[in-house]
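Handing you a structure now.
Read from first to last, the chains carry the letters A, B and C; within each, the first residue is number 1.
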């Protein structure tokens, strides 16, 4: 499992023609940083990086708001049609944006949001997954707590904001990690919706780079680019291992 | 006189209808607000959901009833003609077959390996965290990056895989250029990518199994194999089936690796559903046809989801 | 005081405005080598700005040819197409079907009409004409050429200065140049040709066949010369085993640069990559002939879009004229390997110096008299996709050449049916 990772790390430091030997040399003969420099030359790496940060975190910020409200309603409120609406919500879990690509593309085109970061975020602003996860969390808050708070004058929205949300932090964390990972790594939807490097994200930048002559013929540069793209997720993962794994575990059990 | 109290019970006194009539407005307004509140809460979510999930599904079916391509740049209503065209296009059936094979290849393999690894790792061994991390990290990287890594490893002549293959006496294989093997190369990449994630799901599931059940089985002299099939697996099975269905749904929506590693080739051997839709919509500019194929995909996903929910119910009952 | 400051500001703005009122045009272009080639384009744009301070070009890299096309179509749908873009000559049909571009005859007439066109190589002008009008200005054109590894030739006992000139010689050379080890496994291939329709087309033409009709409505894949050409290719891969199957366009260049194949048939547009990577002596030659010497022209030119205002169209023409001038074409040729589209470019001292040092660069130009337009029909990308996937299936021996080509012919005819008016 670790072999592929090791192999590409080593390849990224080799000179271009070194990799063409029939017997793989594991260690680079003359380690060089040129490939990394070449990548920065061949694509607007930092712009992609910034775009990805904006998309991932901006999206998360909006998602936190939409899922909090929706999850709370589904978890703790009674209203007519609740179950039917909940099923409608879950539709999003089974239809990934790759399937609705054509129409979403046409919609965003009509709204003038093609090739924008907001366009990349659009289909995900509502998150069935997040709502589902958070609903579980909210559901587990004892009713007595809510009633007591209500008597103290902290009912309804204030209860949500001041008590329920802080109690649900583990759920938020789990969702945040899964959402950030997913959107940092997304390729296909940004491919369809962006046209230039204006809004392009990092992963997509890597994919497009691979289709160019440098990317497809120059393995060492491609591996360097790959390394630069996965560096952040992998490093974050190594530091916050337990949290990440727990988050994904929760997502599997909850979903 | 008008009393500023809520209707119902207040300080033990029943407020009669007539006494709160002037306050009726406040009462009603507050009640309306209270009734509307849940809907207001779910409004943002459903606003975006309806535009970007529900509407596209409906509109896709609508679009699929039109001819809209380079020959007919202005949409023309043609009823079910696109669906008939899909039916009579051999390539569509090949794509369907490819995707089914891909699902059948990826899912059982991934789950079996993930379960096996989870069982292994569930022992209290040293360095557990390291093994878990090493197995899980592929989940953290983009599929696009995994595609790059495996493109490199699968290269003929100087790719790692072929080197070790030659070592074992096998001929040099151009995996991604081989019409029969290319799809399996994609399966390999898919399995590698998701293994850690499913392993972790199974780990969580295993840890919920009460220890005493296992101990009871040991006392009764059951072998590890027996213990697995009689105790562990049945308790795990609803999770397993549910996860399996979700994995199948995922494999019908696989695209990144297809786009980046094979572009559907050679000779459409690795052309999967989403790629086929993408090709028809964004390369051939045939939106009507592509929408029809999308519609069919939705129906397949719907069927699978219904199946998944049946499994979910079973799981709830088990718990 | 505040009020006066505002008036002053407004006055300054009014004075400065004319210089701001530079015409801005958006320019989509595809290049496959992002590092150096994007820089070349940006240098061309920068030089254009110096010479034309009242026009600002915004260059947008659109990816590969199909991706760039997709972006243009997407932009067209959204109602905001580019003002000028580089697209394949074969995309002309699609762009006209979408009523997206304007004919350039007026502009050409202004520059001297026939005299202006005469400086372009005739092959490059032949395929951007439609209905008697001119629709594009040739910018990055190429033909396939034969690259060969002189060191490997020597090793195989072949004369490094005598590349094959006919199909028979090609096969014989490839057979001699294919090195196998004791167990029969191939160490170096004699020849590599990627699965690209553009190259298959050339073989069909060399066999005296034809590919598509000038009115873009028919294809001739089921005819004997086409089937024979495909058979020859398939035999080299499957019967004589001198060629690997299914190498992609970029991987095959890599193979050649790495010394894994003695010969390569590929675009002259990769000359720069080979020049920069090959650590052996290499040469270039015409593609071998069979019934005739022939090669399909590839590449792209500038299209100007209908939706742009008259002012922007004019600005776009200025840019196109600049970028296809002999000096700029010479630079572009040297930087990329694409053939300079202007005859006079080759007389410039810059070019003479370059080709003196790298004579391989002249082969593509010298082959031009034998160049014929590329296969092109309505719904071009769909047609190509059917052709290439069927071709790959023939290579995989799923069908014989005859079965496969006839199947492709039938399927393409179905696609072209709506256009038979």
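Quick notes on this structure:
In this section, a residue touches a chain if its C-beta (ideal position, glycine included) is under 8 Å from a C-beta of that chain, and two chains touch if they have at least 3 such contacts.
Small disclaimer: the values here were computed from a predicted structure and weren't measured.
With chains as nodes and touching pairs as edges, the resulting graph is complete, every pair of chains being joined. Of the two chain pairs examined here, A-C and A-B, it is A-B that is joined by more C-beta pairs in contact. Distance from the subunit B centre to the subunit C centre is 41 Å, each centre being the mean of its Cα atoms. Subunit A and subunit C have CA centres that are 38 Å apart. The distance from the centre of subunit A to the centre of subunit B, each centre being the mean of the chain's C-alpha atoms, comes to 15 Å.
Counting partners per residue, subunit A has 20, 106, 211 as the residues that reach two or more other chains.
Of all residues in subunit C, those that touch two or more other chains are 74, 248, 251, 258, 260.
Within subunit B, residues 155, 157-158, 282 each touch two or more of the remaining chains. Against subunit C, the residues of subunit B that register as touching in their complex are 69-73, 155-158, 171-172, 174, 177-179, 265-268, 279, 282-286.
Per the touch definition, subunit B reaches subunit A in the complex via residues 35, 37-49, 51-57, 59-60, 63, 129, 132-145, 147-153, 155, 157-158, 160, 163, 192, 195, 197-198, 200-201, 203-205, 239, 243, 246, 249-250, 253, 255-256, 259-260, 274, 277-278, 281-282, 287, 290-291, 294, 297-298, 301-302, 304-305, 308.
Considering their complex, residues 1-5, 7-8, 11, 19-24, 65-67, 69-70, 72-74, 77-79, 82, 85, 88-89, 91-92, 94-104, 106-107, 122-128, 131, 156, 181, 184-188, 191-192, 203-204, 206-207, 210-211, 219, 222-223, 225-226, 229-230, 233-234, 236-238, 241-242, 244-245, 248-249, 252-253, 255 of subunit A touch subunit B. By the touch rule above, subunit A contacts subunit C in their complex via residues 16-17, 20, 38, 41-43, 105-106, 109-110, 112, 114, 195-197, 208-209, 211-214, 216-217. On the side of subunit C, the complex with subunit A involves touching residues 32-35, 38, 60-64, 67, 71, 74-75, 77-78, 248, 250-251, 253-254, 257-260, 270, 273, 277, 279.
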